[in-house]
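In the two complexes that follow, chain A is the common piece, with chain B as its partner first and chain C second.
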Partner chain A sequence: MTKPRLSTLAIIVAVLAAIAFTGLSGALLNLMIFMMIIALAAQGWNILGGYVGLSSFGHAAFFGAGAYAMAVLQTRFGVNAWIALVIGIALGALVGAAIGFLSFRSGLKGSYFALITLAFAEVARILANSWNFTGGAAGILIKLQTGLPYLQFADRRYFLLIALGFVAIGLLVSWWLEHSRFGAYLVALRENEQAAQALGVDVFAVKMKAIAISGALTAAAGCLYAQNYLFIDANVAFGSWISIEALFAAIVGGSGTVLGPLLGAIVLLGLGELTKSVSGGIPGMDLLVFGVILVLSVAFSPNGLVMLMKSLGLRAPKAKEA
Partner chain B sequence: MYSPQIVVEALLNGLMLGAIYALIALGLTLIYGVLHIVNFAHGALLTVAMFMVWLACARYGLDPYLAILIVAPAMFALGYALQRFIIGPASHGKDNGILLVTLGLSIIIENALLAAFQSDTRTITTDYSFRVVELGPLLLSFPRVIGFGVTIATTLLLWLVLHQTDIGKAIRAVAKEKLGASLVGISVPHVYAMTFAIGCACLAVAAGLLMPSFYVSPKTGAAFVLVAFTIVVLGGMGSIPGALIGGLLIGVVEAASSLFLGDSLGQIGIFLIFIVTLLVRPTGLFGARA
Partner chain C sequence: MLEVKSLTKRFSGLVAVDQASLSVAKGSITGLIGPNGAGKTTLFAMVAGFLQPDGGSVSYDGRDITQLAPHVRARGGIARTFQIVQPFEGLNVQENIAVGAYLHTPDAKEAMAQAAGIANRVGLGADLAKASSDLTVAGRKRLEVARALATKPKLLLLDEVLAGLNPSEIRDVLPLVRDIRDQGVTILMIEHIMQAVMNLCDTVYVLSQGRMIAQGEPRVVCEDPQVIEAYLGHGAAERLRAERSHA
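Up next is the complex of A and B:
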């Protein structure tokens, strides 16, 4: 287990924040914001997929819940952006609890759990796509109003700082998991559910809490996404792309580690951009690279980049051991 | 409301489309039953087979049904190689590993096709694409009638292979008791790869049956993935009769819900069945194992 110190986490966040103020171009700032949003979604995935070992293929359900809460509350009910953000995150936790209640009560795990989460996300996508309340197939456009109360900024760097703040919260949650009894319960479930149960762990309750936290974090990513791009539709908010990117980032970076999702998001999206610029407009090349990286990382470094660096004897600058 | 004739026609056409679904699910359930893996790349492999059929027809002027004779061996070889040289070694035999490797493969395949063929949808026209068969007062789509017949024949053939040939016996032995099978000299990796290959060959048949009345784009297979999983789960993971009956049932459900709810909401019926089956009876209608 790589257990980074709190001070290490603080340094990483500070470095990322400092990078934002080194005069990056608009395109690079946008890429960094996107990296933070994916990192946050992946941190949410990691709570359930990494620590509890329940791989979800449908985290889009949470991402979309956050994104739609943000868009619908602001445009239809004139709710303040910050309040919408809080409600969106709560809704993510609630959707998580609902999906968790149904699936855990039936004892679903492994591929069955992966499939049912995928199905829930698809149902949400179809509903959002055909319901007028959620803008139907046309989607929802959030009005452009810059200023702190609207959570929109003329200067992209401020939005990046806010996204980074959420990633920092995600890091703290994972760090807390690695140092708390609750986190130990999660890992115990992953390693041997029956044994954990025999030792008195309330399996159902622990899983419910984990999926609610997981849903809340990924929903926060959805809220930020909506607020950053000011437009969502069903295929963006509930599309399988986000389920896949959240899972990819967490697994490639190192599932069940504090820094894995952040590292994975930065590496994957960085490589994706690189591929796009090298391949010059051939569609799908970046995703092709993602797929190859996923297969390679499952084959050769099943514990992710964080662990790979460790096993290669490299003292990764971003993953100093506690 | 709708006249009874329209409803019956829609349901019958749904039943016959369901037969092709069943064929897709057949490969998936066979792979699950023997290898105990969820093959997430199944949809993407269907797309590959459909592109092969399309190429054979559009470039070389072959009839799509005849193209099956070429595409099926090609898919068989591809499936064998994938399982033997990529999925097997890369996943280290772990469930989660297999899930992720096949997911990765599906993304690689889908996007490689996207890079090669762009996202245009492609169709082939045959002079029977829109022909109908008259059954008393009912009009049925000709390609679907053919699809129904070929599916039944393919299922029978598969059953014969599994029960009358040596490789079929080996496959069933490995499905029941992997260690025991390897102790009596059966090469488990070979049997795994053969099973995967047979599953892929089923996809080739399905592709040939779909193409005269359907279209293909790099994302086409993805639309079938959840449908196929629904059928497999509904029929019972690993059960061949389950896949056949589940497929027919899902075809009818889809036809009924698109008739009454419209096309965009139509698919919801399938997903709800999927969720309810998983929650209430994850072993499905015919599944013995949990």
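Up next is the complex of A and C:
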């Protein structure tokens, strides 16, 4: 397995940053911000679903935890946006640890783990929808205040840079996984839990750390989402749409790879947006395209676009020789 | 070094291991043999901590470890291989072995270097970058051993490392097992191949239908009528003796 170098990652991030300053329209900037938020959520999913092989259907629980922490702390307690961001991320890790403790203690895996995560996210959605503290069904509006201390910018490009910064952190975390003992343990668990145990791997502890990191990254995406759109309600923050997009982007891009989630998010949302504009805004057309992409990618590139590109890259020189 | 006392394991009514005891002396190669279904692998799983016994105890280095989780036992120096090889398919040979080496070093470079060293030792030196799924059966067996060795065990539990190998591959692996013991690792091995047991083991235990029916030097144990009957059926020892006296 070839692993991307740090310099490759730096170039990718630099190119994305540069694109932000090529005079893109507001709509395109918004699309890029959204891509980065989904990429970040998918990077979080990828830690658990890709590297450990524990597919979650409920990453909305982490996304929503971050989004609600951001909104509630600012509006109800007047907490500074940056501090709220940090607390939101920590809350994501904590929610991850709680869900992890309950499910890993009883050794849940595969579809059982997927279902339990889905259940947690749904419970969170229903609670947030009915509790006054979280704004109930009306949701929460974050006050518009531009400026660096408020983490809101009149110029969309700055927010894009911040989102990109988080994606860069996500890339670094995945890169570190591929070069560390912890990452090797994650993959060992995915491939064979028993064998890993026999080699001294504390399965429970490693899974707990993985889900906490995973939850933190996806919660960061939720924080950014809330701060970007300045409005959330239960169906947005804890809705199954984000669980699906997070796992979708990671799987289409290449689960268990460093670049997969980012690539998947860009391709999926890019194509989705393209369809929307071509189809003249027929509702649900982008979802239809998502479905087609999923079918195609499962059929032709089950290891994701990253692997597909690699195998094409390997084949290309041979074709020239012939 | 390893003391197993009256271990019992029941699987809903079926008594897989029934009050089995054995002891492994430090620096020895001890064999565990017995017909198919005798409960050898179940006994192994209890020693390594993968199954909790319904009765009895396991002590290691004078400490009762019956309640310890498998990874804790591994950290204490007990390593095992699996009868059905279990490579980490997504990792190449060197990375597979490194997972074991990480037990004693958090450093990736160090672990990979150690992995390469161990690969050479077990004869996988040329296959470092190979996907573990591309190895031959013999290669996978070696990989099992290499991974276990990478944890720097004091006690190595080998579960049929020779099964599925052809005679020349077996001849290659025998010196490896002896070499491991000579490096100071105590070995308890399950084995079906009598040539290997005769060759390697200092002491042999025979398990049949969950009970320990014999123990001692390999040559003596093989002559034991109870052992012959366990393998060949009731009355077999009698018949063999009769045939021999006719000849």
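We adopt the following convention: the second predicted complex is superposed on the first by the 312 of 322 C-alpha atoms of A that agree within 3 Å, B and C clash if a C-alpha of one lies under 4 Å from a C-alpha of the other, contacts with A are read in each partner's own complex, and residues count from 1 in each chain.
Operating definition for what follows: a contact is a pair of C-beta atoms (placed from the backbone, for glycine too) under 8 Å apart; a residue touches a chain by one contact, two chains touch by 3 or more.
Being a predicted model, the structure only gives us computed values, none of them experimental.
Colleague: Give one of first, second, both or neither to describe whether A:Leu102 is in contact with chain B, with chain C, with both, or with none.
Modeller: first
Colleague: Which partner chains sit in contact with A:Asn132 here, chain B, chain C, both or neither? Use first/second/both/neither.
Modeller: A:Asn132 sits against neither chain B nor chain C.
Colleague: Between chain B and chain C, which one contacts more residues of chain A in the superposed model?
Modeller: Touching more residues of chain A than the other partner does is B.
Colleague: Can A:Ile282 be said to touch chain B (first), chain C (second), both, or neither?
Modeller: first
Colleague: Mind working out whether A:Asp202 is in touch with chain B, chain C, both or neither, as first, second, both or neither?
Modeller: A:Asp202: touches chain C, not chain B.
Colleague: One more residue to check, A:Thr22. First (chain B), second (chain C), both or neither?
Modeller: neither
Colleague: After superposition on the shared chain, which partner residues are touched by A:Val187: those of chain B (first), chain C (second), both, or neither?
Modeller: second
Colleague: After superposition on the shared chain, which partner residues are touched by A:Ala114: those of chain B (first), chain C (second), both, or neither?
Modeller: Once the two structures are laid over each other on A, A:Ala114 reaches chain B alone.
Colleague: Using the superposition on chain A as set up above, list the residues of chain A that contact both chain B and chain C.
Modeller: Overlap of chain B and chain C footprints on chain A: empty.
Colleague: Going by the contact rule set out above, which residues of chain A touch chain C in the complex?
Modeller: Answer in residue numbers: 1, 179-181, 184-185, 187-188, 190-192, 194-203, 256.
Colleague: Would you pull the chain B residues touching chain A in the complex into a rising list?
Modeller: That would be residues 37-38, 86, 89-92, 94-97, 99-101, 103-108, 110-112, 114-115, 118-119, 218, 222, 226, 229-230, 233, 264-265, 267-268, 271-272, 274-275, 278-280, 282 of chain B.
Colleague: Touching chain B in the complex: which residues of chain A?
Modeller: 53, 55, 57, 102-103, 105-106, 108, 110-112, 114-116, 118-120, 122-123, 126-127, 129-130, 137, 240, 244, 247, 251, 282-285, 287-288, 290-292, 294-295, 298-299, 302
Colleague: Across the complex, what residues on chain C touch chain A?
Modeller: Touch residues, chain C against chain A: 48, 50, 69-71, 74-75, 79-80, 82, 86-92, 95, 98-100, 102-103, 105-108, 111, 147-148, 150-151.
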